[in-house]
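Both complexes shown next keep subunit A, but they swap its partner, so subunit B is in the first and subunit C is in the second.
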Partner chain A sequence: MSDLNTQAVARYKNNFLREVEERVEEGNMVKMCMQCGVCAGSCPFGPHWQHSPQKIFMMIRAGKREEVLSSDSMWMCTSCYNCIVRCPRKLPITHIMHGLANYAHRLNLAAKGQPTRDVARLFWNNLMKTGRINELTFSLGLYFKDGFIQGIKNSLAMQAAGLGLLKAKRLNPMEIFGGHKCKEKSGIHRMIAKAREIEDRRRGLA
Partner chain B sequence: MADNKFAAYICSGCGIGDAFKMAALEKVATKEGKMSMVKSHPFLCNAEGVQMIRDDIANEAVTHICIAACSRRAKTEAFNFPTVAMSRANLREGVLWVVAAGAEHDEVRQEMAEDYIRMGCAEIKKMNLPKGNANRDQTRNKSILVVGGGMTGMTAALAAAEAGYEIVLVEKTDALGGFAARLWKRVPFSGPYAAPQATGVAEMAASIGANARIKVHLNTTVAETGGAPGRFKIKLATESGSVSELTVGAIVQASGFTPYDIGKLPELGGGQANVVDQAGLEALAKAANGGAIKRADGKDIKSVVFVQCAGQRDETGTHLPYCSGHCCATSIKQAMYFKDANPEVDTVVMYDDLRVPGMGEDFYRSAQQKGVIFTKGKASKVTGGDSCKVEFADLILDEQTSIDADLVVLATGQVANAGVNLDAWTEVNTLAEGGDEGAKQKRTEMKTISILNLDYRQGPDVPQFKHGFADSHFICFPYETRRTGIYAAGPMRRPMDMLQATEDATGAAMKAIQAVENAAAGRAAHPRAGDLSYPIARLEGCTQCKRCTVECPFGAIDEDEKRFPVFNEERCRRCGTCMGACPVRVISFENYSCDTVGMQVKAVNVPDEDEEKPRILILACENDAYPALDMAGVQRLTYSAYVRAIPVRCLGSVNTIWITDALNQGFDGVMMMGCKKGDDYQCHFVKGSEMAYYRMSKIGDTLTQLGLEPERVVTEEVAITDNARVAKLINDYAAQINDIGLSPMKGFG
Partner chain C sequence: MAKKQYAFYPGCSSQKGASASNYITSFGVMCEKLDIQLNEIPDWNCCGASIGYGEGGELPRMVLNARNLAIAEKDLPGQDIVSGCPACWLGLREAVDRLHEHDRLKTETNEALKEVNLTYKGGSKARHMTEVLIEDIGYAGIKAPVVKPLDGLKVAGYVGCQANRPYGIAGESFENPLYLDKMIEAVGAEAVPYEQKAACCGGALAFSEPEKAQAQIRQIVEAAYDNAADLIVTPCPLCQANVEIYQAEINKKHGTKLNMPVLYYSQLITVAYGGSVKEAGLNGQVIRAAKLDKIAGG
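This part shows the complex of A and B:
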């Protein structure tokens, strides 16, 4: 268990709803769900994930901490906003889904090997290096995330697309050597660190 | 009746004059209708036309008029001549608007109009101007008895008193307030619907005490109720045994409900420690008096589970099959008792469907804001004791699981206090009258739960509908019981919450006021409000068969020692079911009788077989079917010109003689159109259409004797909105008659 997780368990005991209310973005709206199921029926991903938003909210109220935080469901949300538009109780469902994903990630409880999570992590780390996204290293990182052999296979599979991008001057091979950066990288890092500090304080994660 | 003078007025407006040969119509009225005066007018319902009729009444001593124009349901304000008897021949909605256009239909259209004139004239010949209940001097009492001093009764008493009526309020316990007085707080009656409100019982009781028009009798029950609206004779019995008598004009029965016995729910922990019903929780809340609610054993409560629908909406037939409507909001309110005192108390409301009518949705949201947890689940087992356990199926997460709690509250339902079930009563009473000693004893036992102790022949209380609630026309006349002048309000009528009960109470109070006013004027109550006619029985011909007494849906008819029917005019709703029932046809109204309809049937000109023009008689209920026919006309839907429609007060008033007469006369078919019968009946007279179906089920033999196919008489259920359907029904039936062929009875009539 991560330290944050141990601390959270100790702090909220069995009251997972309260934990969500205090620590998850817009989590205080979870209690207002009336279990109508409209979100579950509206989500284009409905049939493909473990738990619909409706179920996630009920599980939170039933105190199913482990199951919720390790669910792959909130990672599947595409932010289409169908559910938000339709929810009769005006729950900001999409935001809550992302909030839950984020919280599960912070506590290191999120589903292992969840592709969305892996992509997000790669994206973030890539961005943090230079303050800009390096498309070449990001794509390569993605291709090679499951090892060298798989990486070669992935690269070959994407060869045509890559050449096309090169021809159209949408991809600069020189980026492999570091690429272009922000003017003041340390400033960006400080800014992000500050933002995180503020947010963690607000959510009691500090 | 040498002084009777008959006149017919034919309107040629609204296109009638263009579609019909007016001269021929006038001739029919004069020659065949035998009207001593026949006049046409281009615009009969305008001031000039109406004045013409008024002048004739004043100057020519006209006493009976037939107006041949629009439907009897149209222009009622213009054609309002209270001093003369009147019939209406429906040329506009009944002929002009429903017979297909075009010259090829001219002949049948004209025939139809002429028949309606013949019918209108034949009807008026047999009608008299109703004079109203002759005994109305004895029915002038306008005070109102309210039985039950709970929220419903108190509201009804205050409302009627405020309208200026004297009230006698009877309560069997030693204080006003009923169930409401047992509550700590009530579900809010007004915005923002966010928190429980004070019950308001004390204030109401105080304003009743201060109201000079309301006389309260505590510790008192109704020992006997006799008489009729305007002259109910009441015996009040006090606990000490003293009996006092009084007369009242109408009665509001607000006898409330009893919570379903929690002891019948052992599987849900009923009877075990720390498992209470909602009333039990109210008692704990009252004891806490605003502080933290404690268990009966004095311990703190940290968690409480509310189990909704306990012993309700039960499909197994063991418990209440219905939803009591108030208990979801009540549990929400009770969960708030805990949350408002201490937000740390865990409160779970376990529901299957959360039903919060009215503004309850706001109340529900407020509870969610306060942190009450709502779990969609079905409890299978509750264990009481020091630590309670609720085992349940989670219906969202689809699993069998359980919650622990310090206290479990079961939301049990409402059982109506409506008195004795008359069906059971009639059975026992019949045996008892036959001398059965066991039945006599049973009868005495049964009467102990009676609320009104009516001395009516039909039994001691108001008839019940499903599940022991008082019967009333759910949609149109919710407060009217099947005993005229007795109005049901509150949860003895249907399950409801307190706010609905107060609305019921004012509704019932208004109805009671109407009843005393109508009785004093010798008029009918709803739905023929204002009708001055009433059934008159020619007892010389009566065979004491008792059919009228039994079939009257309103218990209006008693029996004298010689077993002749005794009509209580004020109790009568003027449906005519007794008239339809009477096998020797001795019951009639001044303006509606076996003759007024019978002569219309006879007046129809039935063409000979070789003309190949069938005739179909329609007997249409005036409440729903006849308006639907009119509306078909208004919408210009066409139907067969071979039908002749006669409105009847209720299908229950249809005497089989009309049908046999029609068939004997050569009619090819008879369609009866009435309201829906059965459990979700729409009949304005409750049992009328059911009686008609029952009687018609027996008419088959008669048809066979006449050598006729059973399809020659059909009965249809028609709702007021069925205008398109009614036209189709007619056309389909006309086609069917065409297939069967013309009646072999033609020419014998």
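This part shows the complex of A and C:
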């Protein structure tokens, strides 16, 4: 368990709803859920969710902290926004799912090796390098995230797609040498570091 | 006629040599004929996309978008900010909304923006390219420059998620949006019925949960076949890439014979306006659209 997690447990005792309200993006809206179940039938990967958004909200109110934060449900959210436009209580469900995933990640309660967690981290680190996403190094990073041998296997498995894009000039091999970037790269680094510092302080994650 | 000016946010996938470079290519002729001038926001940065949430919290994502908005306000004052990518548009528009509603978030954002000597004031609008076409040009306006109506071409209009929800096009329904069909018909093609038009392709989870995403993609492609479509058209680079690229993979795994071209609305429009294969970016397709290639003269 991370120190941040121990501190959070000490601070909120058994009041997980309050913890979510104070620390999770749009978490203050969780209490508005009336358990109608509309969202539960809206997720494209629904059958694979351990707990539907409806269940997650119920579990938050029931104080099932460990179960919620270690659930892989939030990581199954495709950001399709079906739920948001359908929810009769106007809960920003997508953003709460994202917020819960981010919080579980920051406390290190999210499952290690959760594939979407890994992809999300790779994506962010890639964009932070130059200020823009480099699709080549991002996909290579994806293939090789589980080690070299697995990486070769993954690249071979995706060869058809990769070669198709290369041929269509929609994947540039030269991007490996850096490629597109922002001129103000270091300013962007400082700006994001600052944003993270401010937000961590506010969320008690500093 | 004076050109309509917009501050343009291309987004990472629309850069030269990137996965949606053919999308941006097809904007050339289309915008010229419609008197639209897109002025690229100088030194723009990535919007954070949807998947940025995992590592980046709310404020870092707001700040990424606020930097682009602030540069546009400063260098291209008074111009609406336009993107061709629904995820970029969503990121920008969410930032505009939240920074307008939450004073604290705005103060914090501006504190971070000091690091790059910018201030976000607010007041500009973030729009998707299809909004510009529909609202500023209108369906009749889209139709006007057509020189080669796409007669006999059957098109499945795949709107997907983020070009439709949570914002979408004003006045459209989330469950059955009609705007893409109307655009298809404006250039003389036939919009076939398409029950998968607002389904999700798996988005960024095509990378992390390939099996689950490919099950979605298979349904999206098969529904186009069921309705006898010649090709699928979409307003979203991620939908385009996912639905086109993974067909080979699905065929390999399941013995299917999927080979459905997936294009952008702007490519259809460009061909109807007399653009060449190259101008419409048709040579950038992994699955070539034979019928459209022929109309374009390639």
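Please note the rule applied: the second predicted complex is superposed on the first by the 205 of 206 C-alpha atoms of A that agree within 3 Å, B and C clash if a C-alpha of one lies under 4 Å from a C-alpha of the other, contacts with A are read in each partner's own complex, and residues count from 1 in each chain.
Methods note: a contact is a pair of C-beta atoms (placed from the backbone, for glycine too) under 8 Å apart; a residue touches a chain by one contact, two chains touch by 3 or more.
These numbers come from a predicted model, not from an experiment.
Asks: Would you mind checking whether subunit B and subunit C clash or fit side by side on subunit A after the superposition?
Replies: Overlaying the two complexes on subunit A (C-alpha atoms) leaves subunit C and subunit B fitting together cleanly.
Asks: Now for A:Glu22: first (subunit B), second (subunit C), both, or neither, which partner does it touch?
Replies: Neither partner.
Asks: After the superposition on A, what does A:Gln54 contact: first (subunit B), second (subunit C), both or neither?
Replies: In the superposed model, A:Gln54 contacts subunit B only, not subunit C.
Asks: After lining up the shared chain so the two structures overlap, which partner does A:Pro115 touch, if you call subunit B first and subunit C second: first, second, both or neither?
Replies: second
Asks: Applying the touch criterion given at the start, work out whether A:Ala168 contacts subunit B, subunit C, both or neither, answering first, second, both or neither.
Replies: A:Ala168: touches subunit C, not subunit B.
Asks: Which holds for A:Ala62: it touches subunit B only (first), subunit C only (second), both, or neither?
Replies: It touches subunit B, and subunit C stays clear.
Asks: Between subunit B and subunit C, pick out the one touching the greater number of residues of subunit A.
Replies: Of the two chains, more subunit A residues are contacted by C.
Asks: Looking at the overlay, does A:Gln35 come into contact with subunit B only (first), subunit C only (second), both, or neither?
Replies: Only subunit B; A:Gln35 stays clear of subunit C.
Asks: Note down the smallest distance between any C-alpha of subunit B and any C-alpha of subunit C in the overlay, whole angstrom.
Replies: In this superposition, no C-alpha atom of subunit B lies closer than 20 Å to one of subunit C.
Asks: Both subunit B and subunit C contact which residues of subunit A?
Replies: The overlap between the subunit B and subunit C interfaces on subunit A is empty, containing no residue.
Asks: In their shared complex, at which residues does subunit B touch subunit A?
Replies: So the residues of subunit B touching subunit A come out as 354, 364-365, 368-369, 371, 373-376, 394, 396-397, 401.
Asks: Would you mind writing out the residues of subunit A in touch with subunit B in their complex?
Replies: Touch residues, subunit A against subunit B: 17, 31-32, 34-35, 54-55, 58-59, 61-62, 64, 89.
Asks: Can you check the complex and tell me which residues of subunit C touch subunit A?
Replies: So the residues of subunit C touching subunit A come out as 12-13, 15-22, 43-46, 48-60, 62-64, 67, 108-109, 111-117, 161-162, 165-166, 174, 199-200, 202-205, 207-209, 212-213, 216, 245-246, 248-249, 252, 283-286.
Asks: Flag every residue of subunit A that touches subunit C in the complex, lowest number first.
Replies: Residues of subunit A touching subunit C: 25, 44-45, 48, 75-76, 78-82, 84-86, 94, 98-99, 101-102, 105-106, 115-121, 123-125, 127, 131-133, 135, 142, 157-158, 160-161, 164-165, 167-172, 174-175, 179-180, 182-184, 187-188, 190-192, 194-196, 198-200, 202-203.
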